[in-house]
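First chain A sits with chain B, and in the next complex the same chain sits with chain C.
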Partner chain A sequence: MNARPPAPLLGAALAVFRKDLLAEWRTRIAVNALFLFAFAVLVLVGYAVGPTRLAPEDRPTVNAVLLWIVIFFSAMTGLSRVFVKEEEAGTASALRLAAPPPAILLGKYLVNILLLSAVTAFIVPLFLVLMSFEIKCPSLFIALLVLGCLGLAGASTFTAALVSKASAKGALFAVLSIPLLLPPLIAAVSGTQVAAREEDFKAGADFVRVLIAYDGVVTTAAFALFDAVWRE
Partner chain B sequence: MRLVAEGLSRSFGRRKIFGPLSFEVPAGAVLGVAGSNGSGKTTLLKTLSGLIRPSGGCAKIFFDGEEVGAGHEPRDVPWCIGWVAPDLALYGELTAEENLVFFQSVHGLPASPGRARALLEGVGLSEHSHSKKSLSSLSTGQRQRVKLAYATLHDPAVLFLDEPSSNLDADGVEVVARVVAAQRGRGIAIIASNDPRDLGLADETLSL
Partner chain C sequence: MKSLGLVAKWFLGLGMAAICWGAFLYARPAQNFVGESSRIVFFHVPQAWVSTLAFFVAAWYSWRYLKTRRIEDDEAASAAARLGFLFCVLATVTGSIFARVMWNSYWNWDPRETSIVLLLLVYGAYLGLRGALEDPERRATLSAAYALVAVVTVPFLTFAVPRMYQSLHPDTVINVRGKVEMSSDIRLIFFSSMVAFMGLFYWMWNLDRRVSRIVRERAGSVA
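Up next is the complex of A and B:
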């Protein structure tokens, strides 16, 4: 019988991850879009708002909102490409016939996590310096960044798969992503304010729990629904 | 093994594309699908391969020893299917060799550049073409040869060839004939084309 079993999930996912990274390294389309957007917004925010124009009591709130706005819109700028480029280039059919759907989702999710992590690692230190944004609980801040990026990458990856066959991909991606990404953004912004005001991790632990729950739900839902989204 | 279509049809809205069609292709056979432009040849191949769902009926692949009435829908055994079509594209940023190694990995086969090179040389591509240049810098005919290597790298049980000789020179058409001949030993080939050279490779032809 010629019906051998499908490829192991992790091996196929890593192959998709490596292929996307290699293709991105050679074209740098998503990387350029993400980093140029992040850099331009950082410079604008630093110039227009700056550390001296904010009252000390307003800084945690305003800086937390601004930081997550930069991260959020950077994600919107580049993360949809993982699936959109497969449909636009005509490679989606080849991938559909070759790779198990969960492996494709996992590979693309890992690519988006890496891209968003790289942009966040670029944005955050510059933002902290430019805005003189003091964080009193770094462990809480780092936990919020990691979990927030996982949530943004997970929801963006799944939404990108949903919109990749549509004609108005850009508009549809924003329309579907924004309501999906508001809950983790609110938790991340609120938690970042706490991290800037309090030294105790426990003060912001509820926001960490919200993000863990969100990431778990989004990842589970994405893997449960992806097969139908990708093959239909 | 064999491929069976029972009452297979496809419509887009009220527009009927083909069917209902019923036919059986036994192991070692090559079926040609002919028809004018827009007659539904490509849609039939996409439906048979599981890339799109039929509006009615079904297509099933039966392997040796399976009961009549069992069988697999093509979409559930994608690793048994090879596919070449004009609207299929491989990754232009990668070389032909990197493309094949990637598809080996996602098919669950050992990632072997040596096997990829052998496949590419088998379809008449030189080492310079397949390992030094990105796929996007190859000619349309060379990319068509890479697609033939991609479609057969996992020894598929069913090989779907949509306009396989398009953009190929005389040597390339010979390559298609060799690929089809090799497929007879593995399973089934279904060729959709209007080119007499392609349809001449088939044992029987279905006209749409």
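Up next is the complex of A and C:
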């Protein structure tokens, strides 16, 4: 029958994923931007606020906000690379020929999830130690971090594809991403405040639900609309 | 057709004047509000409603653009977004003044206040994206895609979050109990004002689209 097997979407996506990781490993632009920015902000916050300047009852509120600010702005420094670099290097056309659009988006999405999870895994323990931020319900906290990172990576991968075609990419990336990311960030911050105060997972289950719904909706919308953006 | 438009314009102008008169002189102030502050409902709510409606109009025409690739649809979407931004600013400012009178603070991150700021941000981002794209077709496609992603994420803050927190904001017209709780004089002026504001939006939107078309045709004839 057909000698050439149909390129499965997942296979193509994984190929894009591997290619991007390799390219990233050679230059390390996104990794450096993400980690150095996150670390620099962590040092600043740790030095300026630190564990002792906050009254114990204020810690859950303030620390939850600071933690998500660090994660969010780190995402804003590095996650646009996946598409911007293709336009800058002039490789976007070749990529257009090599893989179907959903596979490209999925591959880039996975790269951004990996990058953001790595930064979060690096930042969160340091943050907890430096700020003596105690989490009463670790399972809720971890669920919020995982879902928050999925949502951040999902929406920002899509906006990265948009800004890669525009001028003033860096500034525009944050401007376009903030409105899309405000709902999950508010849910994640509020949920983290609950996780720092209550031991019961159920107390913050609503926020987890909002995040699950958001991640599902934004990912679906991104995949549905990516075709038009990518062909432009 | 021309005379119909003229009649509609006169009707809108006189109607708006009548609504202003009715809002201040005919309708009585509602109970449980500080002084005369409830009269803001006749202007603030239609503005907020039009700014939300404009967002859905922009999203609808964006979707149509992606289907048909007609530049007119993109112009309609961008006109709706520009007007939506204007009405959104008005709704935010009037709401803030009301908050000052009612709760003695211009801004207190009530869920409704948060959601209107989100809408303002989305409009700003959409218009910013349009400004950063030179090529008309690319601008149309990318801003349409952005508008459609935004339209699915905005409901999270406008519908989900306000119901998860306590809000000081007076019940919206479409409330949990599913009925309009207004006295008849207020209801008359309020719904007339809703219709008039939507008419105003439609008129301004149409003007904007016609100007866009003329500009495009002029540019085409020069090139």
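The definition used in the following text is that the second predicted complex is superposed on the first by the 226 of 232 C-alpha atoms of A that agree within 3 Å, B and C clash if a C-alpha of one lies under 4 Å from a C-alpha of the other, contacts with A are read in each partner's own complex, and residues count from 1 in each chain.
Simple rule for what comes next: a contact is a pair of C-beta atoms (placed from the backbone, for glycine too) under 8 Å apart; a residue touches a chain by one contact, two chains touch by 3 or more.
Note that the structure is a prediction, hence the values are computed from the model and not measured.
Novice: Is A:212 in contact with chain B, with chain C, with both, or with neither (first, second, both, neither)?
Specialist: In the superposed model, A:212 contacts neither chain B nor chain C.
Novice: Using the touch definition from the top, say if A:158 reaches chain B (first), chain C (second), both or neither.
Specialist: second
Novice: In the overlay, answer first, second, both or neither for which of chain B and chain C A:12 touches.
Specialist: first
Novice: In the overlay, answer first, second, both or neither for which of chain B and chain C A:222 touches.
Specialist: Touch status of A:222: second partner only.
Novice: Answer with first, second, both or neither: which of chain B and chain C does A:172 touch in the superposed model?
Specialist: In the superposed model, A:172 contacts chain C only, not chain B.
Novice: Quick one: is A:91 in contact with chain B, with chain C, with both, or with neither? Answer first, second, both or neither.
Specialist: First partner only, chain B.
Novice: May I ask you to decide whether A:232 touches chain B, chain C, both, or neither, giving the answer as first, second, both or neither?
Specialist: both
Novice: Just chain B (first), just chain C (second), both, or neither: which does A:49 touch?
Specialist: neither
Novice: Could you pull out which residues of chain A sit against chain B in one structure and against chain C in the other?
Specialist: Correct list for chain A: 232.
Novice: For chain A, which residues count as touching chain C in their complex?
Specialist: Against chain C, the touching part of chain A is residues 155, 158-159, 162-163, 165-168, 172, 175-176, 178-180, 182-184, 186-187, 206, 210, 213-214, 217-218, 221-222, 225-226, 228-229, 232.
Novice: Tell me, which parts of chain C touch chain A in their complex?
Specialist: Residue positions touching the partner: 66, 114, 118, 121-122, 124-125, 128-129, 132-134, 137-138, 141-142, 144-146, 148-150, 152-154, 156-157, 160-161, 164.
Novice: Quick one: in the complex, what on chain B touches chain A?
Specialist: So the residues of chain B touching chain A come out as 1, 49-51, 53, 61, 63-65, 72, 75, 77-81, 83, 85, 87-94, 98, 102-103, 105-109, 111, 134, 150, 154-155, 157, 186-187.
Novice: Within their complex, state which residues of chain A touch chain B.
Specialist: 1-8, 11-12, 14-16, 18-19, 22-23, 26-27, 89-91, 93-100, 103, 231-232
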